[in-house]
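For clarity, chains are labelled A, B and C in written order, and residue numbers in each chain start from 1.
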Amino acid sequence: MTLDWNVVWQYRGDLAQGVLLTIALTVATMAIAVPGGIAVMLMRQSHVRAVSFAGTVFVEFFRNVPLILLVYWAFYVLPILTDIQFSAFATGLVAMCLNVSAYNAETFRAGVNSIRKGQLEAAMAMGMSRSQAMRKVVLPQAVRRILPVLASTWVSLFKDTSLVSVIAVGELAHTALQIRSQTFRVLEMLTAMAAIYWLLGYPQAKIVDWIHRKYGVTE
Amino acid sequence: MESTAAGLRKNGDQPPVVQYDGVVKRFGSLTVLNGVSARVNKGEVVCLIGPSGSGKSTLLRCTNALEIADGGRVVFEGQPLPKTEGELRHVRQRMGMVFQNFELFPHMTALENVAVGPITILGANPAEARAKAQMLLEKVGLGAKGGNHPSALSGGQQQRVAIARALAMDPDVMLFDEPTSALDPETIGEVLNVMKRLAEEGMTMVVVTHEMSFARRVANWILVFDEGRVIEEGPPAQIFDAPTHARTQSFLSHLGWNG
Amino acid sequence: MDFDFSPIVDNWGFLAQGLLITIELSVATIVAATLVGIALGLGRVYGPGWLRVPLTFYVDSMRAIPVLVVLVWTFFAFPLVTGITLPPFWAALAALTLHISAFVSEILRAGLNSIRPGQVRAARALGMSGAQIVRKILFPQAVVRMLPAYGSLLSVTIKDTAIASVIAVPDLMRQSETIAAQNYAPIEVFTTAMLAYFLILFPVTRAVEAFYRRVAHLGRS
């Protein structure tokens, strides 16, 4: 077997573009899924039963279906449902956002619920209003619990962007798999793909560990 | 002081069970024990009292080598503590220890907590070990609680199970590390009563405690700690009624002790 | 919009076969990844220094690489290196085990490290050996403590098996794609498949949560 690693260098431009798209998809998804998650969490806390039920269904459903299936589903359903022709990137983004918003909503809920009720009561006993107590006392503590989970979600999300390759979004995985089938340099391209993901993902995993050490609550 | 004290002490004519010779312990730049010498005779109850951070608990942990002394030596039944972990295990098997936070094993029932030592460490017959564990639970007044997990027991009950767990190994000496400090006031008495009965049966005990009335009534000998040293020792009557050291006087008066 | 669910009714046996493969692959992966992950985790926490470094590197690498990449590499590239071609199911099982076991080891490590030092002290004071302390005291408590995270991982594992469709494992995902394409009924077929996955996953995660609530006190020292 002769290996030709030159192919990786030859297609460096395409691969770099794939990397950029992977990063763009990760950032865009998180940028939407943080407010999305907060919105869904607030829905779940609504006193209107239909609204809180809808929030719960959203969270439970999108956390309990495979993302790859969600991507296919969005690919076929979105154009019909909305009568708009979505680009592959936009379709992938929608699927990712549905999934990550559901996870974030649960993260936020758990973060806020983890703060003991006594903290709110103590703040209000000092004369703070309910919203002051939430802003000054509960939320700062909740953020410390939410941030590490959000960081872990970020890394999962970064890796999960590879799944939108199945609907031909030209991110890193799709680009590498395309080059593989054009050049038949299977081992070289698949190894290069793994190596590039590793180079991008390894530091992220280490940063997540650092955040967990810094903010991690041990009880 | 040692020679005059020895004559006064219970079984002072026999070799001590535990002897501390100039024990030094440092944590980084902090010297926690600064040359502590003392002895514990057979059947004695020795109480270690003194302000927080004065080194009482550290000395207790040096006794069974949970902490290794940096200087001096600890002698147990005539032998200095061995150096290797394997040999130390055999020494620890002959010393029972009771912790401030009980440290019962949460995944085992009360009975299993008491039987686990003999079964896993001594290789005892499980049926016999469980029968003996039941007997020990009855001895600490918890004969009906053997099937409960620690989470279903009060603090005082958990601590009594912990005492039974230590007794199950048939130790030659019992080490108590502030056994009532984490308890609700209403359950402190039940633990102290068990300890008092043990003392009456002749168990050799080393007790770190803030319970001055227990020390006064049950101890044979008191060691007063301050800043890593034993500043005064003697029988309870002397320590509590006529302390000679100014620091002992101020420590006792801080606790509101007035004889 | 007209929906036609007849392709699903007509091909239910074909789809059920896929469901069976999904369940088989999930169970096999969970068993294998749990065993490998426990070995990895114990090696990382209690192993000698020369073993910890490569294990940590392996685990962190698996946390960095998408499971799709591991799957594709195992199926297409591994045979080129070794000359051993694995059938899709076995390639998927191997790749998923490589990936998921790293996460099992992380969860176990966190569980072991979360047990407070007093428990070790108490066991040492009784005279237990290091191995006895791990086996009798720390491991059982860590298992209880890791249940919530392990439950999430079970859910992730079942969902990840759907990615095996990319290397032509005839699981529910793959069979659904086939039926959807043949009958041009993607919405009906994929919606049905999503419901099927949901009906497997939701009870599994709920069951683990309920079980944990019942046993949580056994890990609370």
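Methods note: contacts are C-beta pairs under 8 Å (C-beta built on N, C-alpha and C of every residue); 3 or more make two chains touch, one makes a residue touch a chain.
Quick caveat: nothing in here was measured; it's all calculated off a predicted structure.
Enquirer: Take chain C out and leave the rest in place: which chains still touch each other in groups?
Expert: A | B
Enquirer: Can you name the chain whose C-alpha mean lies closest to the mean of all the C-alpha atoms?
Expert: The most central chain, going by mean C-alpha position, is C.
Enquirer: Report the chain whose mean Cα position is at the greatest distance from that of chain A.
Expert: For chain A, the chain whose C-alpha mean is farthest off is B.
Enquirer: Based only on mean CA positions, could you tell me how far chain B sits from chain C in angstrom?
Expert: Once rounded, the distance between the two centres reads 47 Å.
Enquirer: Could you tell me the distance, in whole angstrom, between the mean C-alpha positions of chain A and chain B?
Expert: 54
Enquirer: Provide the C-alpha centroid distance between chain A and chain C, rounded to the nearest whole angstrom.
Expert: 19
Enquirer: Which residues of chain A touch chain C once you look at their complex with the stated criterion?
Expert: 1, 60-61, 63-70, 72-73, 75-77, 80, 155, 159-163, 165-166, 173, 177, 180, 186-187, 190-191, 193-194, 197-198, 200-202, 204-206, 218
Enquirer: Of all residues in chain C, which touch chain A in the complex?
Expert: 1, 60-61, 63-70, 72-73, 76-77, 80-81, 114, 155, 158-163, 165-166, 173, 176-177, 180, 186-187, 190-191, 193-194, 197-198, 201-202, 205
Enquirer: List the residues on chain C that touch chain B in their complex, please.
Expert: Interface residues on chain C, with respect to chain B: 118-119, 121-130, 132, 136-137, 140-141, 144, 217-221.
Enquirer: Across the complex, what residues on chain B touch chain C?
Expert: Answer in residue numbers: 64, 66, 85-86, 89-90, 92-93, 95-97, 99, 101, 103-107, 116-117, 120-121, 149, 151-152, 162, 165-166, 169, 175.
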